[in-house]
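Some structures to go through are shown next.
You will see subunit A twice below: alongside subunit B first, and alongside subunit C after that.
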Partner chain A sequence: MIGFVIRRLLHLIPVLIAASALIFFMMYAVPGGPVAVLVGENATPEQIAEATRQFGLDKPVVLQYVEWLWRALNGDLGVSLHSRVPVLQLIGERLPATLQLAATATVIGLALGIPMALVSALAQGSWLDRVLSGWSALALGVPTFWVGILLILLFAVELRLLPAASTYVPFWEAPWQMLRATILPALTLGLYVSGIFARFLRGSLIAELNADYVRTARSKGLTEGAIVARHVMRNAMLPFVTIVGIMLAGFIGGAVVTEAVFTYPGLGRLVIQAISSRDYPLIQGSILVILAIYILINLLVDVLYVYIDPRIDFG
Partner chain B sequence: MQQTADRTVAGQSADPVLSIRSLSVTFVGSGKPIPAVRGVDLDVFENEVLGIVGESGSGKSVTALAAAGLLPGSARIEGSIVLAGRNVVTADADDLRRMRGQDIGVVFQDPSTTLNPLLPVGRQIVEGEVAHGRLAPVAGHARAVELLREVDIADPENRARQFPFQFSGGMRQRAVIAMAMAGRPKVIIADEPTTALDVTVQAQVLALLALRQKETGAAVVLITHDLGVVAEVAHRVAVMYGGRIVETGAVRDIFAHPRHPYTAALLRSAPRIDVTGDRLDPIPGQPPTPTDMPAGCAFHPRCAVSAGRERCRTEAPPLRPVGAQIAACHFAEETTVASAGIPASARTPL
Partner chain C sequence: MIGSLEAATHIAARVAARPAALAALVFLGALTLLATFAGALGLDPLEQDIVRMLEGPSRDYPFGTDELGRDILARVIFGARTSLATAAGAVLLAAAIGVPIGLVAGFFGGWRDAVLMRVVDLLLALPGIMMALALIAVLGRSQAAALVAVGITGVPTFARVARAQVLSLRRRDFVTAVEAFGATSSYSMFRTILPNSWSPILTQMVVLSSVAILLEAALSFLGVGIPPPTPSWGEMLRTGKEYLHDAPTFAVLPGLALTLTILAFDTLGRALSTVLEGRDTVVPARGNQP
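Coming up: the complex of A and B.
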């Protein structure tokens, strides 16, 4: 098992190098450039030449990439052009907030989605199933910014229970404060994924409930509850963990809209800010970190797969 | 009013352990209701193997699964199925659950799908016994090992901890047999237990099933479309066609003197290795679909004996004693044995 994880972690290196090259050259191809950002709009040609030399932008692009990569491998992702703060520090400030929001949202999604899927699948075709299926379609279809705004209107403006703007409070420092500060954006994202989770798990549960081994379990005289808990759930979990992993990973960089609605200090907003201010080192650095986390979550899903399914080898 | 299909068979003195009367099963869904079983009477006694033979859609599997209470919710069941003194049709879910494992066990067709791929085989074998409180969880492994040893699986100690994918097809079916027998049930339903297996393994699994039946004295209801399988292990046979039993009796009587034209045709259509150069003689036409059952005798459109007789088209023949067995044919006395006298057991190198 440990060998499997180490092997998979080693696979991560070439993927990240390839991805970083892609990001680097893609940004090089985009019109405009970092120099314009550095020197401002009214710069003289001399100032531009000076800044270009200073930041090494006069060197061949391949050399620039190699130098950037070398520094990145040594833990230096450069300095933000905008705030002149090291990129790694900026990401380090945002990453815990993002991870905390993503984890909370996923937990909420699972807490809502799994029971919904179970009830739906076991009462397939009933009015309850139809209500829950309608609900999950609604959760999926309504845009998160709208849900977010509704939640703010209800809990912050009307009831005055929760703050409208969310801040990052580390869970281990003040769990209650953290919950107050994070619950609204987490609920917004959690409601959305609960629809996906419920839909997906309902489908695989129904498929598994019709499997031959379920009939076998029935022929042994197991209760329906034991059949679901011991046989069906485990088999249905196999495809389900993939979806949970994809959604969780998606929140790492992709919860921009929700973060913006709640002015939550997450990675998604950092990237958007970096892109709009053409803060090249910051864009590169944060996309690289988001990608690395994405791959790590996928690795976690693969490990879970091996744990659930004995047929899969530590290959 | 009930006519017992098996009354004339000698050698059965005790009460039947499974007694089916006027069983009708209709599947209702979004479309037209599908009458899969249309009035079946059947008795199964302990310490015997009853073969139920028929083509696909004849109702043989539905009849057997009904006995285990395993039909889906879309099945409307009429009649009675008395298993070890209790009526399966009217039993509530809890009663039914308690009967499973201890009164009835099932061996299904395809062992590659009947076992849960994610759980160790040993655990699955004793799971029912543990769930019923008849076996302490800590004793589970030891009991699983014992059961695996009884079905001739080598190294049962390790095999019990393995997963189904680590078993061959034949071994999986042995494990399923061990599982079905774990609670020492009085009746074992074996629904085409060898159909999904390699030919070379079929005979071994069949022999094992017969051996375990003898050792435990259980009744085995063996569902098959293969007359060779029946000849090999069954004591009695019931031939089904179009949701009804058309002929039933001792295996040797029916193989020697089939009285229903369908049975005779089945025997003629079975490949044999003892007669070289002999062409196979398939039954003309297709089996009837349950939603479009011919009037009168369901077999008459394919029947050589009927040959356009008015009575076959209008009047459903009841089961009646003919010779040593019971057959449902107006003209059973005319069914000759000329072509069907050689037991089909000679057909494959079992």
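Coming up: the complex of A and C.
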């Protein structure tokens, strides 16, 4: 088991190196290169020379990359050009908000998706199944930013029940306010993933329901409820864990648009702000962190999968 | 490439036999016509009627007017042009880069396969929207940049589809025969294998059109996509969101057009997949929804 985890971690190293190189060298593709970004368009030759020396841009590019990576590994992602605050600190301020939104959305997605999949799979081919399948197709296809706007229109403009703009309130400080402030963006994302969750779980439930062991269980006289609860659900949940993990990982940074709809102060909006102000250290740093978290969550899911499924060999 | 006109008609008939797919086809056909002949309809997406700003639907303006007094219906129709053209360009770009990558990786195997597919995996590791944003950061904000950014995110899908096709066709007799006659690698790849791989590639093109339209709208919604005043659905949603109290239809109607278009491409892609490959092989791409 430990060997498996270590091997998986070793596999990650080339991916992270390649990704960080991609992110770093992107800055060299900018017209005028990184110096133009640092000093602005109207800089004098003296200012350009000064900035080039100051930021070590006169060194060989590969050496600059290695130094950048080394500092990143030591927790130094540079300083934001715009606010002059360390990039890591800015990311640290936004990360809890993003994680909280991702977790709430996933809980909503599971609460909607699991019952939908169960009903669909048990009543396969019925009108209810068709309605629910249609619903998940809709949940998947409708853009989250339009759903978000419709939710704002209904709950904030018409009913005046909830705020149109969301803020970050830590759950452990004020659970009720947190719910009020986060429910609309979380519902927007949750509705979307519920479609994915329902579709995948329905598929694996139907596959399990047709398995031999279910026929054996039925012939032993077990009730349908007991078969589903004790056997089918447990097996169908295994591949499902992967999907839940992938979606959760996707929300770290992938929820940019929903964050923008509700002006939620998450990591995604930090990237947008960084791009709008051409704040390259912040762009590089935040994309690197988002990517690292994304890859790490995927790794955790793989490990968890092996852990909960005794049939999988660690080799 | 599509064998003959007869085969194409046959496939179209089988797709159209499915009611949902037929509805999607009719909708997309009408939208394409409207977008193409938008100029001939006498609609002007830029003309301002400044005494009638942020109005609801009326006889003069069936979809209402925006914050500058422009006709929202005209902007939705011209927005369709922007949206469809960008998506088409992006999907063609993705196929033009992705298919050769997949062909070469699958055909030669070995180190070329290892290197190319690692690059593809890397592209897949980033959520699509993040990658598009990173590219916009480098390219700057323009219609071309939006097209390229959306297109690049589609490259891995085409590379994977093409590679899978090569692997399954490579050992077939007709490919072996062509090679036995001394065909060059590029002849085998592009003249023998590729023409027999069009069905999954075509399906991907239709499905990815819906993803491309969504992504382009998302970029415009975030304010980094196609720059104004070019009408774009994402940009209209972005501005309309600021006026939800005064003019709710401003954001709702462009969003409806966007949603219907995305659903239509998705429905059509699934139907095509079922007709061509016997089953719905379309899986929701990772993190393509922002």
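By definition in this document, the second predicted complex is superposed on the first by the 287 of 315 C-alpha atoms of A that agree within 3 Å, B and C clash if a C-alpha of one lies under 4 Å from a C-alpha of the other, contacts with A are read in each partner's own complex, and residues count from 1 in each chain.
The rule is short, and it goes like this: a residue touches a chain if its C-beta (ideal position, glycine included) is under 8 Å from a C-beta of that chain, and two chains touch if they have at least 3 such contacts.
Since this is a predicted model, take the numbers as computed values, not measurements.
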Following superposition onto subunit A, is the placement of subunit B relative to subunit C best described as a clash or a fit? fit
Who does A:Trp146 touch here: subunit B (first), subunit C (second), both, or neither? second
Examine A:Glu173 and indicate which partner it touches, taking first as subunit B and second as subunit C; both and neither are also allowed. neither
Just to be sure I read the superposition right, which of the two partners does A:Ile287 touch: subunit B = first, subunit C = second, or both, or neither? second
Would you check which partner chain A:Glu46 touches, where first means subunit B only, second means subunit C only, and both and neither mean what they say? neither
What's your read, subunit B or subunit C touching more residues of subunit A? C
Superposition-derived minimum Cα distance between subunit C and subunit B (Å): 18
Hey, which residues of subunit A end up touching subunit C in the complex? 14-15, 18-19, 22-23, 26-27, 29-31, 137-138, 140-146, 149-150, 152-153, 156-157, 164, 192, 196, 199, 246, 250, 253-258, 260-261, 271-272, 274-276, 278, 280, 283, 287, 290-291, 294-295
What residues of subunit A sit close enough to touch subunit B in their complex? 211-213, 215-223, 226, 230-231, 234-235, 308-311
Over in the complex, which subunit C residues touch subunit A? Could you list them? 118-119, 121-122, 125-130, 133-134, 136-138, 140, 210, 214, 217-218, 221-224, 234, 237, 240-241, 244-245, 248, 251-252, 255-256, 258-259, 262-263, 266, 284, 286-287, 289-290
Touching residues on subunit B, where the partner in the complex is subunit A: 68, 70, 97-102, 104-106, 108, 110, 113-119, 124, 127-128, 131-132, 163, 165, 176, 179-180, 182-183
